[in-house]
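In what follows, chain A forms one complex with chain B and a second complex with chain C.
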Partner chain A sequence: MEEVANLMHGFATVLEPFNIGVMIVGILLGVIIGVLPGLGGANGVAILLPLTFSMSPTSAIIMLSCIYWGALFGGAITSVLFNIPGEPWSVATTFDGHPMAQNGRAGEALTAAFTSSFVGALFAVIVITLVAPLVARFALQFGAAEKFGVYFLAFCSFVGLSKEPPAKTVVSMMIGFALAAVGLDHMTGQLRLTFGFTELLAGFDFLIAVIGLFGIGEILLTMEEGLQFRGKRATINPRVVFQTWLELPRYWATSIRSCIIGCWMGITPAGATPASFMSYGIAKRMSPRGKNFGKGEIEGVVAPETAAHAAGTSALLPMLSLGVPGSPTAAVLLGGLLIWGLQPGPLLFVEQKEFVWGLIASMYLGNIVGLILVLTCVPLLAAMLRIPFPVIAPIILVLCAIGAYTVHNNPLDVVMIMVFGVLGYVLKKCDYPLAPLVLALVLGDKAEEAFRQALLGSQGSLAVFWSNGLVGSIMLLGLIALFWPIIQNSVARLRPRPAV
Partner chain B sequence: MTTLTTRIAFGALAGVWATGALTSTPAQAQWKPTRPVEFIIPAGTGGGADQMARTIQGIVSKHKLMNTPLVVINKAGGAGGEGFLDVKNSRNNPHKIIITLSNLFTTPLATGIPFNWKDLTPVAMLALDEFVLWVNAETPYKSVKDYIDAVKKVPPGQFKMGGTGSRQEDQIITVAIEKSAKVKFTYIPFRGGGEVAVQLVGNHVNSTVNNPIEGVAQWRGNKVRPLCVFDGKTLSYKETIVDKMSWSSIPTCMSQGLDMEYLMLRGIFMPPGAKPDQVNFYVELFKKVRETPEWKKFMTDGAFNQTFMSGAEYAKWVAKEEQRHRELMTEAGFLAKK
Partner chain C sequence: MSDESHLTESGPSQRIVETAVALLTLAFGLLVLLGSLQVGIDWGVEGPKPGFFPFYISLFIIVASLYNLMQAMTLGGIKEGLFSSWEQLRRVMSVVVPATAYVALVPLLGIYVSSMLLIGVFMTWLGRYSLVKTLPIAVGVPVLAYIIFERYFQIPLPKGPIEYWLDL
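This part shows the complex of A and B:
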């Protein structure tokens, strides 16, 4: 019960007028940062970090964590409206969110996205409040083999779920792996696949690929289809929020499952991106409406958004208790902690009670404030789709170009998004799914590193992936997920027999 | 002439440094930045160089040491090669500076990218980062000898050394330990020092050579134990960290029979073609930064070696260090294949 007392003390700190002001400013900045593609949460927090040096550490972390929440919310907006994921973890949101917008249901998609984000974050904060020390110990169990197991599970739960032939899924995924391999090989410190071009040193940034494949590719497709958004029919309906809320409780099972996936991925720390993909893949498998996924199913928005936020929130826990950031944004926050003279680690919860519980209290309040702020904007945002395509397309193009440039301040990246745009268009025309490519590009090099680290440790023996109960069960889950269609088929074939 | 002035100024500075009584700075800086200055970090967010650069950014804006903003940009691609090439290609741009770590030498040597530190203009050394040999606090190893004896008892490669990056400082130190103690580790590269520290706490690796700032949090939590420091003399920080131990009570590795001394450069460079008065502006800027209480706290937290150099002395130090890295990496077989 000591935690509850501490938390109440934290609320008292957060509810000071100055801190509430800081919170609202932070959320608004965060939403803007999340909307602009390229300028992700990590960059945003990094840019605004110096602003906070004159504040007390508690106010500063409230502001920065609110920018973080805001960015998480904001990432969903462009994904739904324009098929441009503002953040890596919103890629999975585009799969159903954008078709919904095209069918004139943008308001519903946005409401579902925001509300699910809130639910995911709230669940994660409660987990942090109740079981922080326990969870930190769980995270310590994750060595390289366990990490690879998690990535393996993310890939497996995604393969075979698409309607496209498995061969096309694999081809698309392999292109992703190949792109992920370009640049420095972190295991040997050698360059590979750069062909002597120093421009390729840094490899292909995920954000550049995504802005091109999704954003530019989408514009090319729309141009071919007669220069207009199908979402033009979108009506402005101020009641859309409440109507969607009435519908959402139906998806409670998906929500709970996504919350658990999200928390687990955030703490281990694998991060919000695999969490959102895995959650989407599993929801598609488990949902009775699974075959409608990808055509504009609201459950396909709920699953990734819930998991992404649960992961994004719980990613702060390993940072505070172990000093390991669970996400790039958490890494920048970690730097901030050090500058404010706070040492993250096992003792932070003991020595800096006011700070830690102030932060946790701000997670509760920040999310509530954020939800209210973004929900009031839903009708307004949905109305953006009424702007004629010839007007909005150049604006999107310019935003994409700016976004691509801000990732690395590299003009070449602006050219690269065009190249990826054409690639995205061609792949779509040939019915190759883009999602496996993106998943492989994001997680490919991380999975490869974990795999090779584990093998180095085991001196080349693959048995390391079954060396303890934890990694063994993760790998087994992965294999089940991979062969699920086959398992399902044979079960279906076996079933009618007893009935006969 | 400017170099000479700087050196004289430095001599005077060094004299009063210990007492912290410095108040006047030479009125040499005629050039001033006229637009925002880009501060490149050739490493990812959250690492040691990143923390230092962001601390400097915070100090500069808090104490209003510059009239234009200092903007921090991470260019970590290709083990920092991306950042170095960017600065190399910004000839005559005085509004760009870069903070370096040992990858100033190791990255071009290991990857063969067309870059050498001589492509840049040296500004100043801010500090040197220490390296410490860490083991998990639950293990029985209380000294270097205990640990090396244990490594010798099992087949070569059984013990795992975790470190940041491949063919970079952590692996160079590991190879030197192997040579000196005639043992063999399996070196496992990770992305950053924080991750390495947690792998050690979780018992996934047996030891690490993390920087003090990367290991101090776990040490204070009594999760890891320092065995020795890779410096020529023991550290000067006497504040108790845990169990009556302080940074100054860690013995040097040399005294424990490990023949290796290694310190990592935390220094500042500018693009090629910088004018002396432009360099001088930044030298004076960093002298002011070093005077602030925030910087002193940062130095204490990370147990840094606070050597400061600029001008010809700095360039000479860097040249010597490059030669040493070339030798160490040639011996270890880490050079890029031609």
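This part shows the complex of A and C:
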């Protein structure tokens, strides 16, 4: 088993004192980011990305991915105690988590949430360890047409699988592609879409878009709702933790099901949020206590948390093995790779073994450290949430501005986050999904390059995307994903309706 | 609007905002179309010209925007009622206005002084805090940022006349 040896090397890298320190700092920052409104996984990582410019790529990715794990953990705290999801994927956790807290079982709910998150993540990391190298090895044979096919598949699944109206998903995604095209065309060296503005020469940086769309946009949404943080107090003592742990194995079926749903939705870029809802819905239907869901059922916390964390973690699988991120946060991490001078894609597993396996090892350790940290720090983090919004909002704005400036040392970028922020607020309120925009902005250049190279090889004939079995089946899968709602409807129509 | 429950609250309707957004994305699509036509969308000696890919992107934006526009006009598949009430929009603007002033001030005053002003204005105006409570946070956060970014990570942040005068 070559992978096991590689993984052990990875652990050796992660266990260096500096990397352990970086890991703990990352998780702490991540949990704080997950708890605070307006700071989420994607823009939190985007803001802190410049801090890693001076680190080695391995330490940098450990820190940033740990911020991500921390944010995944942190979202549950606000859901349970305050009925406010800190992250979109924690919405389903509020359904049963908050009623539990109201019944005085906050400690139990939090322990269940954290432990389930941990289980989901662990499952996903094991999947990554076993599957990612195989996918990468397979993907090494890919030519330009196949590469474009993979992007095509990723973007089609967005349109077909997201709950937003398909036309809006298409608009959002294509705006991302268009923004990515602004500036220098890398293949011909010509300028395009700049309309004579020198400011547009460098194009649009996705980090700026992420900080604006997700950071500022989120603050505006929070402000509109006029949130008052009135939460339940919680203390977690070892006895509660232990009792909950004894109870949890009873829900093994829900757990395994949620792990699988989460991994599936994370690898296809549906993401953690739909995964958590789907898992909650299925658990409600399958559980013998399904009727009690929504009133404070511990299984209703286990299901969405497991799935969300499994999805969030497995979103890194396609990023590592194919260079296609499965979530906005994974997209930011991929942007980080480019900045540190690494080429994302299957070659990473060959050329950057230390980096890849260091990252995978840090996923194992990071989630263990994360579980311990959140279990011990809940009162502290809950206190942080009681900081009134007029104090925390300007501080988050300042952080967003600093993060935006440090990307290119360009003061104009600070202005741009405000533009993207207002845009994000309006788009979100009109049901336009933001994740496809960010992903298209990150992948735009690469997708275009693959597309044009494939066409160059075929003298402009689109038949190149059906020229062999491999690229043909990838494209076919993409089309199936694209038209999935239609396929699903026609299948449902053929079947007799079940009695309601 | 016809929705009775919203009679007490008024504000722009979802339909108007959706229509405006669809028109905006349509305009953006046309702009991209224009830009790609400028640089050429056909094949040159080196293969597809730079406008080739953006051209098709712009077609997607235009067609999907037209569809969204039609949906918004006929109220197909969009939420009825208000986009948000004037009261909610007032709250949103109470962040947008100071934040916009802030990002406009950063290039002039540098990030530290602007941040102090932003936190100060937010806490005293929106949060109605006393100056005694406001000042430590308004000064403390930028100072902390200075120590973390400039000193520890050696990342320079935008500075204004006051920082140069203090020779920081």
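Keep this in mind: the second predicted complex is superposed on the first by the 271 of 500 C-alpha atoms of A that agree within 3 Å, B and C clash if a C-alpha of one lies under 4 Å from a C-alpha of the other, contacts with A are read in each partner's own complex, and residues count from 1 in each chain.
In the analysis below, a residue touches a chain if its C-beta (ideal position, glycine included) is under 8 Å from a C-beta of that chain, and two chains touch if they have at least 3 such contacts.
None of these values were measured; they are calculated from a predicted model.
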Which superposed partner A:140 touches (first chain B, second chain C, both, neither): first
Touched partner set for A:323, first chain B, second chain C, both or neither: first
First (chain B), second (chain C), both or neither touched by A:178: second
Which superposed partner A:405 touches (first chain B, second chain C, both, neither): second
Which of chain B and chain C A:334 touches, first, second, both or neither: first
Partner chain(s) touched by A:380 [first = chain B, second = chain C, both, neither]: neither
Which of chain B and chain C A:195 touches, first, second, both or neither: second
Touched partner set for A:395, first chain B, second chain C, both or neither: second
First, second, both or neither for A:429, with chain B first and chain C second: second
Intersection of the chain A residues that touch chain B with those that touch chain C: 50, 53-54, 185, 187-188, 190-191, 409, 456
Complex interface listing, chain A residues touching chain B: 42, 46-47, 49-50, 53-54, 139-144, 183-191, 198, 201-203, 318, 322-325, 328, 331-332, 334-336, 338-339, 341, 343-348, 408-409, 449, 453, 456-457, 459
Residues of chain B touching chain A in the complex: 38, 44-46, 50-51, 54-55, 57-58, 61-62, 71-79, 81-82, 85, 106, 110-114, 157, 160, 165-168, 171, 186-191, 194-195, 197-199, 201-202, 204-205, 213, 216-218, 220-221, 223, 294, 297-298, 301, 334, 336
List of chain A residues in touch with chain C within their complex: 50-51, 53-54, 165, 167-168, 170-171, 174-175, 177-178, 181, 185, 187-188, 190-195, 216, 219-220, 223-226, 388-391, 393-395, 397-398, 401-402, 405-406, 409, 411-412, 414-415, 417-418, 421-422, 425-427, 429-432, 448, 451-452, 455-456, 460
Partner chain A, residues of chain C touching it in the complex: 14, 17-18, 21, 25, 28-29, 32, 35-36, 38-39, 43-44, 46-54, 57-58, 60-61, 64-65, 67-68, 71, 77-79, 83-84, 88-89, 91-92, 94-96, 98-100, 102-104, 106-107, 111, 115, 118-119, 121-123, 126-127, 129, 137, 141-142, 145, 149, 153-158
